[in-house]
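Next come two complexes built around subunit A: one with subunit B, the other with subunit C.
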Partner chain A sequence: MQITIDGKILEFHKGQTILDIARTNKIEIPTLCYHKMLKPEGRCRVCLVEANSKIVTACDTLAEDNMQVVTTSERIRRLRLEALNLIASTVPKETLRKENELTKTMRLVGFKKPTYKHNIVKDKDKSSAAIWKSMDECIVCGRCVQACSKMQTVNALSYMGRGYSTIVVGSENQPLKDTTCVSCGQCSLFCPTDAITEASDISKVEKALRLKSKIKVVQVAPSVRVSVGEFFGLEPGTIVTGQIVASLKKLGFDAVFDTNLSADLTIVEEAKEFVDRFKKGNLPMFTSCCPAWIDFCCEFYPEFINKLSNTKSPQMMLGALIKTYYAKRLGLKPSDIISVSIMPCTAKKREAKLKNINASNVKDIDYVLTTRELGQWLKSKKINPAKLLPAEFDCPLGESTGGGALFGVTGGVMEAALRTAYFYIKGEEMKDPKIEPIRGTKSLREFEVNIGKNKVKGAVAHTLERAREIIERIKKGESFDFVEVMACPGGCIGGGGQPKPVDWEAIEKRAKAIYSIDENKKIRLCHQNPDLKRVYETFLQKPGSKKAKALLHRKYPKRGKPQQQD
Partner chain B sequence: MTEKKILFDSALKGAGIALSKTPTEVIEVVKNSGLRGRGGAGFPTGLKWEIAAKSQGEHYIICNADEGEPGTFKDRLILSTVPLNVIEGIIIASHAVGAKQAYIYLRGEYNYFLPKIRKAIKKARPLMEKIELNLDIVVGQGAYICGEETAILNSIEGHRPEPRKRPPYPAEKGLYGSPTVVNNVETLAMVPLIFLGIFDPKKRLCSLSGDVEKPGVFEILEGKQIGKILEEAKPIGIPKAICFGASGGIMPYDPCMEITEENIKERGCFFGSGTIIIVNHTHSIVELCESIQKFFVHESCGYCMSCREGSKRMLEYIKRISAGKATMKDLNKLEELCNFVSVASFCALGRSMPLHILTALRHFREEFVRKCR
Partner chain C sequence: MENKKKALLLNELGKAQKREGRLSKKELAKIAKKVCMPENEVFSTATFYSFLTLEKRAKHSILLCNCPAEYLRSSDKISKYLEKKLKVKLGQTTKDKKIYLGMTSCIGLCDKAPALLVDGKPVVNVTTKKIDELLRSLK
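The block that comes next holds the complex of A and B.
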């Protein structure tokens, strides 16, 4: 079939929209509410074009054979300007001075300043430990609601009111913390303005850094090192591990530790748990490193809570080691240490505040910052990591293996865990640690891996829509041994705290970078981590020991999301 | 207001005849009758049924009884006088497209009709059983947007009443993604008359109100002079303008104008739901527009930016004009905004919202200009 856009005759296939065809042929049509990873809803009316002499929105109008489309004309230009005038008038002036998708579209269309008076919407919600919502900046593009209800099937957000008083609220107009919200942060990631953001902790961390009497330590999650460079003009997937360490030192931290090390530790404990359960039953075992997934399972599928692995997430494991093992080595009380983590994730903010999550008698993790917050913070301090000399993570919690690195990407936990489980079951190492069938970007992947005579049947899901799908299938009688779930698209590299705007190409580039970190490591099997070996020898004894259980494993509620402290 | 019986009571006879025919024959008869939708868009009813019948999946019939257009009350009269005709229409439509489930989507304010409708359903039960039809009543959520057929689908499915993108049209993919015929009350009430051989496509019901002594529902023959109709309704004062409901536009009153779709269209207006509101010399058109616009600001569903924000800004302009605080530049900007909203909005509600202002500016511009600085 053929369509003519601005005089060019182009081929297309059924089901393509005018925008799809234009973009594949490098014809620019400005959009705002449209996002490639979501279903077009046609709410913002910016992408207007003329199709067969009628004005239509390009993002949600299917192309027809022999359609005549005009994307640039004086009429179209004026209509788009009017659309932006109406939209820009709904947000405060500061929003129009920031760099965001709204201002980007404004530039593209050539729109300067709204002529209507802004009327203030006073609805603010700071109830959640992970997500803040301020409706004055909302342009009702619908992305957050769609991400929450379709991609995550959580339905924590809905619309309230009608006409110009329409706003996005927690479902049934409840504060977000009282909804089913699992804190994944996808709503904030897709928000084209800053109407929904992470619950910001930058100022609290800055204040803590000024406390002279404390030792300030920070950890960096696997996927942050392949994305934070994007704030400084680097390509997605540029690995800036050493530069992050150097920047954090510049910001004033005393020690910078690697969450990849505790990812190794998670694998050592989780693979042990899996092998035990594989022998004794109680399968499938679900991974437990994604707190949004934990919330989801506890909230929507309490009958599966006993299938969750009880190993803590890498963030909490390193938090535990920092406030016990590390404190002991330095002869400090846990309360002498401020422990901060840099995460791709908003759910980790809530995780750090859960009841019964701490190994020490204080909070194991005091503050969590997202990749975005780190980027913002560095920018405000005029620190450009790209211009710094790389530095090394600190002893004694700085060494990591390729397996730990994989935590950042969907399928990574599964791959690393099976490498170690292989060793536990067979007593020998895998010849090639790359387990191909686990990899890929499909949002639900199933595979079988042979370990000696044993067949392990596994599944990997990312986005909670797919998690729901696999659970429903298990409920109908299908059986799996090991299931990995990550709430965010692509895994933590597409996490709710990652750079905006998100797009799938960036996620894929970050994934590639994660795999290359794994490949370039001399040691790729988590249980061979030398720092960890020392931790076990001098402190934890052995995987699954009483002490390991006490410090590195957790309990879940019987039903409903785990509760927060305070 | 007198609620005289205005439609012939078919008393199940029309449906009886229709059910003795095959679905294809029924569709053919309805197609040939010339019946068009009476809710607004005026789409040929038989054709709609045919499209639905040919689409795959379970089939649904929805009777749109969410009469929300200001000044429109003909469906109310039909439901209170000949509810059985409507049920018959539903039965015949269900037979034609093969639906086993039908709904009456009733305007919230009309729920006092429930006993009457239930009684009519009871009477029709034997015929419904014959075609294994189940008929439920859904009481609406009190929003004007629910008059929009795709918003009804969302409402029945339990979602927020918002319109859906078309295509796909409900007749292809409607309720729960299945082919669904949405017909208005008056349309369905006409269907049994077709089978009794007494349907005349040139006659339609019209809700007449405004500055008249005897408002009510009138059956008008296409081509009748508006002045003749007003003789019956007895105008109060000197009629100045006709307003075709909130979304039909405003035009000057001309007693000799014959009521035909074309004549009304020529003047930029729209007779979709058969609403005539007579406006006399004591009213200012600017104020009329202001009150209509207030209605739209309240009823915009909020889905698309153009209608959501545009409605509010349009009202701001009109208020300023009405208060004598606007300039000619404002007036031009208002017109530009109206043109934007009428092409850029997502659904028919938004696209028809500016019509009252645009037609008022066309026919009564001096009333606006006089108020501008």
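The block that comes next holds the complex of A and C.
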């Protein structure tokens, strides 16, 4: 079939929208509410074009054979300006001065200043430990609601009212913390302005850094090192591990540790638990490193809580080691250390504040910053990591393996865990640590891996829609041994705290970088981590020991999301 | 399928509104289950339509049509007059909790604008005189 856009005759296939065809042929049509990873809703009216002389939205109008499309004319330009005028007049002036998707579209269309007067809605919700919502900047593009309801099937956000008075509220107009919200933060990632953001902790961390009597420690998650460079003009997937360490030192931290090490630790403990359960029963085992997924399981499927692995997430494991093992080594009290973590995730903010999650008598993790917050913070301090000489993570919690690095990508935890489980079951190392069938970008992947005579049937799901699907299938009688769930698309590399605007190509590039980190490591099996061996020898004894259970494992509530402290 | 569900939803919401005079959270949850839709979507729908309410409204309701045709026939004067007479703003209930004054989207009476819906019944070609009569009859 053929379509004519701006005089060019183009081939297309059934089901493509006008915008799809234009974009694949590099014809520019400005958009605002449209996002490639979501279903187009045609709300903002910025992508208007003329199709067979009728004005239509390009994002959700299917192309027809012999359609004549014009994307630039005076009539269209005027309509687009008007649409932007109506949208821009509903947000505060400061929003229009910021760099965001709204101002980017405004520049593209050539829109300067709104001329309408409109009462700006002031509705703020800071009830959640992970996500803040302030409706004055909201342009009701609908992406957050769609990401929450369709991609995550969490349904924590809803619209209230109609027309200009429409606002996005916590489901049924409740504060966000009382809704089914699992803190995944996809709403904040898709937000074209800053109406929904992470609960910011930058100022608190800055204040804590000025305390001279404390040791300030920070950890960096596996997926932050492949994405934070994007704030400084680097390509998605540029690995800036050493540069992050250097810039964190410049910000004033005393020691920078690697969450990849505790990812190794998670695997050592989780693989042990899996092998035990594989022999004794209580399968499938679900991974437990994604706090949004834990919240989701506890909220929607309490009958599956006992199927969750009880190992803590890497963030909390390193937090536990910092406030016990590291404190002991330095001869300090846990309260003498301030422990910060840099995560790709908003749910980690809530995780750090949970009851019964701490190994020490104080908070194991004091503050959590997202990748976005780190980017903002570095920019405000005029530190450009791209221009710094790389530095090394600090001893004694700085060494990591390829397996730990994989935590950042969907399927990674599964792959690393099976490498170690193979060793536990067979007593010998895997010849080729790459397990191909687990990798990929499909949102639900099933596979079988042979370990000696044993067959392990596993599944990997990312986005909570797919998690729901796999649970429903298990409920209907299908059986799996090991299931990995990551709440965000692509795993942590597409996490709710990652750079905006998100796009699938960037996620894929970050995944490639993560896999290359794994391949370039000399040690790729988590249980061979030399730093961890030392931790076990001098402190934890052996995987699954009483001490390891006390410090590195956690209990879940019987039903409902885990509760926060105070 | 999706559209059928949505049609069913509005039907259910309307019935419940008529029965209870409002849509309670419990009622919304019940309806959500019945039509197999998430509660947040049911809530959004309930807040979208001006005939559906979450809170119990006053005994009487006066809904003013807010479409452009009405403005052209100076419905703003009518709304200001109503506000002055009832001593409330649009979207509010009078102090004695008897009358609710609100807006509604097009009620299909643009040819007889300005138009009101008083307790669900249309009043057309409204003038200030007519309003005086109307308010007297409601009290």
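The working rule: the second predicted complex is superposed on the first by the 565 of 566 C-alpha atoms of A that agree within 3 Å, B and C clash if a C-alpha of one lies under 4 Å from a C-alpha of the other, contacts with A are read in each partner's own complex, and residues count from 1 in each chain.
What we mean here is this: a contact is a pair of C-beta atoms (placed from the backbone, for glycine too) under 8 Å apart; a residue touches a chain by one contact, two chains touch by 3 or more.
In this text the structure is predicted, and so the values were computed from the model without any measurement.
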item	value
Which superposed partner A:156 touches (first subunit B, second subunit C, both, neither)	second
Comparing the two partners subunit B and subunit C, which touches a greater set of residues in subunit A	B
Which superposed partner A:173 touches (first subunit B, second subunit C, both, neither)	second
Touching partner for A:473 - first (subunit B), second (subunit C), both, neither	neither
Subunit C-contacting residues of subunit A that also contact subunit B	158-159, 161-162
Contact set on subunit C toward subunit A in their complex	25, 28, 38-41, 43-44, 47-49, 105
Residues on subunit A engaged by subunit B in the complex (per definition of touch)	42-45, 48, 55, 57, 60, 62, 78-79, 82-83, 86-87, 89-90, 116, 139-140, 158-159, 161-166
Residue ranges of subunit B in contact with subunit A within the complex	143, 145, 160, 165, 167, 297-306, 308-313, 316, 336-337, 340, 343-346
Touching residues (chain side subunit A, partner subunit C) in the complex	145, 149, 155-162, 171-173
